[in-house]
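In order of appearance the chains are A, B, C and D, and numbering begins at 1 in each one.
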Amino acid sequence: MLTIGKFKKMVARAGREVGAREKEFSRLDAEAGGDGDHGTAIVAAFRAMQTVEGADFKSYLKSLSEALQSSACGSTSTLYGSWLEGMGEAVGEAVMELDAEGVAAMFSGGLEEIGFVTRAREGHKTLMDALIPATRVLSEAVKNADAGIAFSAAAEAAEAGAMATCAMQAKYGRAKNLGERSIGPRDAGAASMACIFNAFAHEAKLN
Amino acid sequence: MLTIGKFKKMVARAGREVGAREKEFSRLDAEAGGDGDHGTAIVAAFRAMQTVEGADFKSYLKSLSEALQSSACGSTSTLYGSWLEGMGEAVGEAVMELDAEGVAAMFSGGLEEIGFVTRAREGHKTLMDALIPATRVLSEAVKNADAGIAFSAAAEAAEAGAMATCAMQAKYGRAKNLGERSIGPRDAGAASMACIFNAFAHEAKLN
Amino acid sequence: MPMKKFINDPQNLTAELLEGLEICFSNKIRIVSDKIVCRANPKSDDKVAVITLGGAGHEPALSGFVGEGMLDASVVGDIFAAPGAPKVLEALRMFKREAGIILVTLNHAGDRMSAGKALRDAAKEGIKVVEIVTSEDISAGIDADPEDRRGLAGCVPLYKVLGAAAEKGMGIDEIVELGERFNRQMATLAVAMTGCTHPQNGDPVAVLPDDEMEIGMGQHGEAGGGRSKILTADETAKRMIEQLIKATDVNSGDNVMLLINGVGATTLMEQLIVYRAASKILAERGIVLTDGWCGEMLTVQEMAGFQMILCKLDADHIELLKAPAAAPYWSA
Amino acid sequence: MPMKKFINDPQNLTAELLEGLEICFSNKIRIVSDKIVCRANPKSDDKVAVITLGGAGHEPALSGFVGEGMLDASVVGDIFAAPGAPKVLEALRMFKREAGIILVTLNHAGDRMSAGKALRDAAKEGIKVVEIVTSEDISAGIDADPEDRRGLAGCVPLYKVLGAAAEKGMGIDEIVELGERFNRQMATLAVAMTGCTHPQNGDPVAVLPDDEMEIGMGQHGEAGGGRSKILTADETAKRMIEQLIKATDVNSGDNVMLLINGVGATTLMEQLIVYRAASKILAERGIVLTDGWCGEMLTVQEMAGFQMILCKLDADHIELLKAPAAAPYWSA
């Protein structure tokens, strides 16, 4: 269902697509009352991951997570770092191709680990609003569809979750002090998370 | 020729006319590369002089000079303060009305004293470019004309001197570092000095 | 259009500013392992170590307060961004000791998450460390959950109290008690007139209308409190100090420390005018101004505004605040 | 539109800021006769007094440097405006003593005229006083007549040298020789990115185009040197330090002090980056960085820019710079 080679291409594509939208993510961060640097942070995170190697899922994800956490800073470092860390912990040793169950387990593991570092859940206007539904949809969809279709469904869920943050009031992160004024713009982290799932989907559909 | 009562009215009028042009004098200071506060300084100087009393020329001028120097700050304090101080020193004790010679002596004394505190002379783009010709013309004109006409001639000379500073390069004061870039705008101090002589002339002409 | 800032490659800001700090204060601090700023003359191992973490771009905070009688180390992130958990863990390993470590974390999501992760790992390794979280910003309301309040410049006098106590050789429990008491007894409010430019991406953070100010703005220009038309210095000081008095519950006869922290473009002239106004209100109420300072401690680039910090002082705090200190930007 | 400044009546700025300074540093300074800032604990009469004069709006300068081991008094004018001659004379009378007084005047027209007038009157009264005029700005050219150069923030380390020497009980001739030597051996260049607002009239001083900076700008935004497109920190530092090295004629093996004085909105982050770049060039040439500091000493409201000051140090200067000092904004 998903080879390590394909997954590396998905990560690389996510890096490119996030990179193209750097300014937008920073602007969203500023608009919702944050410090206007989420684009800078997420781009730095993907830059740190660019040269990472690893023959199988476990070692690749572990290296990604370490590279990200030691080079990138801010909330992004721990949040995305823990996500990748959890994904790596959920796959077996030396696995180079995942079946449907393996994909579901990997993404569920990521969500679980990120859940340890933040109390934020759906409705709190954070990246969790994109990640939670995307993970849920992906885990279901892989059972009956190929990777391309499953990731597309996940990307749609992530995008819908990100859009839904517009109407929310921030509860976590630097935007929370804005109170009602945080209502309106999308959450920056949710937007970048949706962008990542979207890139995964585009890449998964190829070939 | 000039009574103490009339002279007090001239000073009061100068205060009003300078006050109305405060912004302009500050702007000129800034444009010629100064620190943009000559209007503020000259207005503060006249404010300090507003409540000054004195029955005769000598005591009135002495009080004006002291009030100005102790309340006003910057170049204006010492320059205008010395001018008034020199004027006071040049008139006799308890004089309440000056003849033509007395007026000439008073203004020449002012010019002499200000000459002790600065090396600036005509052509150096300072208030001296207005004060020197105005004093010269006044001293001549009082010999053959009434106060109104004599002060009008002095005011014209001051105005011409102030306008001539446009073409000059600053040699003294805070504008001097600007070098050639100080060419163009009038010198702020010369402009305020011309304004004072103009007010003197208007008031002298009345009655 | 280039930013109106004296910088080189925006990616290197943090590394370069730390290098400058090390050169300028070579007798006081040194940089270890890239982004850990330590004392040039470390104190002995039998004393409690005091460490903090946080983003850069707030100079002199946090690294300017590393030195004799204050911090043993600061773990630096990038501009406005907490260091990653691995760096924090590395510093904890470096200062592992019987006497223990106190880690001061300002309550911001990134800092909390990095510290939290590092602390979990440190615990597994048997490193003795106690975390003190500052969250003295009262803009979310006096009764707000501490978890919902931000840590502003109040960390600076806390570093002083902790550092002095550690220098004296006190045990970790006693220091933590003293520190937590100081922490509970302080409150901060911030006010902003203009936003700033993010020095890495050149974009504006927190734009304010030409005729408005905002009380309650955070460390990076994050909004928070109430916007109003521009008030006079006296009126601004009054609104702020009254809320701080309420929050710290100080009364006639109590000793306090009052700090004004300029965040960037607001001049010391203005800060002193505000200090004057606030201290007069304290005096009117019989509150005793025992200690204080006015100047830049924790800045937010070229933002115009300041933070006002009021700390109720107990006798032991008063003594510790006066103890010797020799950090680059704090001496006593 | 109100200014984006925390002020009350613009006419009261100086009085209010001095009041704040006195409250905040009541253990260090006190205000005498309206605008004369003196030490709270004056030194004994048998030692030489060191006094300075100058406008306000440049905080912490000049009054922030009054204190043990530095200035005995500063005579304060109004915003950007020298005090009048009568105030200067009053201070000279106040400190009249056998040991003598040193009056430090920065070379600006207003300051020079007030000092000059006061000194003439003081001489008539038999007050023993020697004037030292600082004019270390080299923007008018290295060979420019000292009368045509401005006095910038170089006065601050000079206060330190003079104050320390006076505190030690040295005689006035010896102190003046030391001070004049220090004075001759220092040079300053300023650079600005933006102008500032005059806090009394709200008008802009020195507007710079969006993409330009100016090396050689004076203490109040007065223009002077060359405008250029915005340069990197490293390039700016290089251009400035090279001119300063030439002006002070320092060579391999010489000891120097390097100071970066932020004038307002330029962050300490940037100042440290510039410090790093300039000190590297000194190191390349074998010039020994013996002392230094980075931060705000003499500001120009919210102007963005800084002054770089290089002082060639003799052995006696090195020692005096290290001597104890306890002014509000300088401790050693």
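Observations
Methods note: a contact is a pair of C-beta atoms (placed from the backbone, for glycine too) under 8 Å apart; a residue touches a chain by one contact, two chains touch by 3 or more.
Predicted model, so just to flag it, every value in this text is computed and none were measured.
Looking at which two chains touch through the most C-beta pairs, you get C-D.
Separation between the centroids of chain A and chain C, computed from CA atoms only, is 32 Å. In whole angstrom, the spacing between the mean C-alpha positions of chain A and chain D is 54.
Between chain A and chain B the centroid-to-centroid distance comes to 74 Å (mean Cα coordinates, whole Å). Shown are all chain pairs that touch, namely A-C, B-D, C-D. By the touch criterion given at the top, residues 1-8, 13, 16-21, 23-24, 56-57, 59-60, 64, 191, 193-194, 199, 210-211, 213, 229-230, 232-234, 236, 264-276, 279, 289, 292-296, 299, 301-302, 304, 306, 329, 331 of chain D touch chain C in their complex. Chain C contributes residues 55, 77-87, 108-110, 113-114, 116-117, 137, 139-140, 148, 150, 198, 200-201, 203-206, 216, 218, 220-224 to its touches with chain A in the complex.
Of all residues in chain A, only 22-23, 26-27, 30, 33-37, 39-41, 44, 66, 68-79, 81-82, 117-118, 172-179, 181 touch chain C in the complex they form.
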